[in-house]
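Here come two complexes built around subunit A, the first alongside subunit B, the second alongside subunit C.
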Partner chain A sequence: MKILAALDSSSQSTFVATEVARLAANTWADVTLLGIEPEAVNTDQRPFAKGDRKAEDHPLIKSLRENRNILQNYFGPDNSPYNHSVVTSELVEVENGFWEDLQVCRGSIKQLNTRLRTGNPAKAVLTEARNSQCDLIVLGNSISIFGGVLARSVKKILLEADTSVLMVAESKNPRRIVACLDHDNISQPSLELINQMVTLYDADLEIVGLTTQDTLANNVDSKMGEIIKYYAANKIKALVRFVEENRLATFAAQAAQDNLVAIWMGKKSLLSRIFHPRSVEKLLSGTESSLLILR
Partner chain B sequence: MSETRKILILDDEPIVGERLKTLLAKDGHYVEVFTDPRLAIQRLEEKTFDIIVSDIRMRELDGIQVMNQVFQKSKKTKVILITGYATLELARESLTKGAFDFIAKPFKSNEIRTTIGRALEALDNEESPRSRTTSM
Partner chain C sequence: MIKALVSVYPDLASVIAMNYACRLSKMFAMEIQPIFVKEPEEGDKAPAVGWVRQTWENGLLDVEQEAMNKLIESERSVYVKLTSLQVIYGDRDEAILDNLLQGGYDLFVEGSISRFEKSVLLQRTCSRLYRKLPCSVMIARNLIDLNKILVIIGDAAPASTLLPALMKLFKGSNVRFDLLYSKIIDSGPLEPIYSEPEIFNEADEIFHGTGWKPEKKLALQGSPRDLATQIEEYSLVATSLPSEPERHNGLLELLSDTPSPILFCRQRIGML
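Then we have the complex of A and B:
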């Protein structure tokens, strides 16, 4: 599994890094910590290049390094899959005709990368997610991430990412994962991600099936049977609930108060139609719990 | 010319084995896929594989038991364990009992390909250590 954590210099990023550490401790995932520096007003300013500001004094750099330490310390000194076993020398061409012999640490079982991107935060996260081919983007609650100014980025990332997105909120662990699934088209990686969340939080699983005026619950029930069989085979007790299509957005907003709501929004999903941008905004503004968008 | 490596894939979900077989066969490896751990164990008694990719949670036998069986026959085989239900303890147990790597689902093709690449490199290094220790 590859996880991309979208971070800034706010205190909420510390919480996001801790949650990522917890998930990484279970899954031994490759992790990229991505720091976002919003677009500079003056385009001549390059915050991480030569200039007046030393990189180590930059709040984002400080925060990223602290967050990297959180992740490394979570495992203890000898048990981390990110520890390097080999230090080698590599000749790097700094500029034409000029090389530097750098000491490079290698040999870790898993990758822990710390990266920075400037510019539009949503675009930066989506680009990094695509380039790194991550399986999951983790970010903070929309209210405080990126200093509150960029709350709209969270919605954009949730709606436009090609991969699954977990928005973590500073609340107690969810006791239940409420998974709103499209019974026709749910992807295997989405089911696998639900399993990891159930394991991580030691939570119950409730699967929500959709009914419409034209579809009887027992028709949907037979389609959901395959999904239930899948969970039964994997020793996960899953409860099924049926919700009418026109009530789903309201149901999800209520369920999100106390549970981790997971919504399957892959390309073929019927739920993408129900959870249009305004519904997602309502869900984000109302929830004090975490939210998982599956793809 | 490099030698064709033999890889055994064991996962009780057929979709996982099918996906990996297509990918790894394309890379030039010889691949056998099993969904039943007992049949995989039988096959392991007949044939030695370079790499085993096994799910951990299966109905009859778990992946760690399969790994123990593999090591009884061949210590040099690299075992990569995959799981949909990852825990800290499981990751530690897998590694301390000798797994080459531990991969949580979901994962993309490139991740398993990279891990198999590392396993093959480790096998190459173990098989011809002399050629790699002389240059400083």
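Then we have the complex of A and C:
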């Protein structure tokens, strides 16, 4: 698994880094911490410039390095899959009958990259997500919500990323993971990601089937049957519920108050239509809970 | 051995009902008879009577019967005691009621998925089938491992009829359970009722000498939603089927809000 964490210099980035560390501890994921410049909400906000490369006191660089330490420290000195400090001796044959005992500094078991992209934050995250071929983008909601309005960049990431996106909220652990489903094309990684969320937050799971006039779309019925049996076999309590298509936005906004709402948003999904940018904003306004877009 | 009739249809609710019934059969000896009733669709008109009609009905049933058989076979691979699917063409509730009466069943199982917009529970409990049920009914709503039952007793769910029916079903299963006496109010905070209700003494008398004993006795007052949140960790909620369900029935509202499967206990009665 590859996780891309989008971090700015806000205090919430510390929380996002900790959440990524928890998730990485469960999945042993390759992690990229990507420093992005927040959207210009303050006029005195100093953008990162070439001259800052050596200046450790630039808030973004400072924050990025602190967050990398948080992630490494989460595992402790001996258990981190990201440590580079393991030095071993290896006997290497240089020529026939000629050997050298080399001290080798092995690479870490898993990769931890720390990168910085300047400019438009949404473009930066989407470009890095494509380049690193990550499975999950994690970002916090303080970079996304300013004065109760969802930032344009985060809406763009949520709606245009090719991969799953987790937007974490600092306020509280969700009581339940509410996963909305309207099509039968569900990827195994997205099911496993749900498993991770259930484990991470020690939450129940509710699978929501989207109905039109009390009827589920073709094959969704049997897919939901497979999914609940899959989770039951994995000893995960998975509840099911039906919601009419025209009430989904209301339901999701209500559910998001205490729970983490997860939305399977495939290319052909009705949910892509229902959760157009204005609805995503509605979903997130008035809630401080996390949101997971599954792809 | 408990005889159970499980209603199946090619949908998710039936997958849950069938799987849940099979899980129960691991807890106590239970013979499961799946039944599929194909209801006539609008415009379906039987062409004739006798052999011609029979052939026509069989043609209608073939496609769905195949889906049903697949569902049953997938369960049979794990739970071997499943009998073959019984297929009937006609009115669903009438056909099920006839079978329950004539087959001497102890339990009827059907699936029902929770909905955000409305509760189907009130509608179901008002149906002719539920009003005439000769045995207990299990409404499977989710696949939850049966760890602990909550038994709701009260004025509308008398201990004298509810508890013997429950004990008969779960005989020999060592199932853990709590008792709840609830006072349902329209609004107000959830709070304990401090004076122990008389019905707990009645329950103690019924359990005396049977080996049955609740782990906890709870007496709570609250709104249906608050009570439902309070009891959502239970893997089964058992109570009595309201004899005359009203539109604003607090117990049914409470049960509608809980995700757990529901068992309406009723002592088996003979032919009506």
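Throughout what follows, the second predicted complex is superposed on the first by the 237 of 295 C-alpha atoms of A that agree within 3 Å, B and C clash if a C-alpha of one lies under 4 Å from a C-alpha of the other, contacts with A are read in each partner's own complex, and residues count from 1 in each chain.
Everything below uses one rule, namely that a contact is a pair of C-beta atoms (placed from the backbone, for glycine too) under 8 Å apart; a residue touches a chain by one contact, two chains touch by 3 or more.
In this text, all values refer to a predicted model and were calculated from it rather than measured experimentally.
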Subunit A as common anchor, with subunit B and subunit C clashing or fitting: fit
Contacts of A:I228 with subunit B and subunit C, given as first, second, both or neither: second
Contacts of A:L102 with subunit B and subunit C, given as first, second, both or neither: neither
Partner chain in contact with A:D135 - subunit B first, subunit C second, else both or neither: first
Which of subunit B and subunit C A:N195 touches, first, second, both or neither: first
First (subunit B), second (subunit C), both or neither touched by A:V87: neither
Which superposed partner A:V243 touches (first subunit B, second subunit C, both, neither): second
Touched partner set for A:A29, first subunit B, second subunit C, both or neither: first
Subunit B and subunit C, minimum CA distance [Å, superposed model]: 13
Complex interface listing, subunit A residues touching subunit B: 1-2, 25-30, 79, 81, 109, 133, 135, 188-190, 192-193, 195-196, 199, 233-235
Contacting residues of subunit A [partner subunit C, same complex]: 206, 208-209, 216, 221-222, 224-225, 228-229, 232, 237-244, 247, 251
Partner subunit A, residues of subunit C touching it in the complex: 10-12, 15-16, 19, 113-117, 141-145, 259
In the complex, subunit B residues that touch subunit A: 12, 15, 57, 59, 84-88, 91-92, 95, 101-108, 110-111
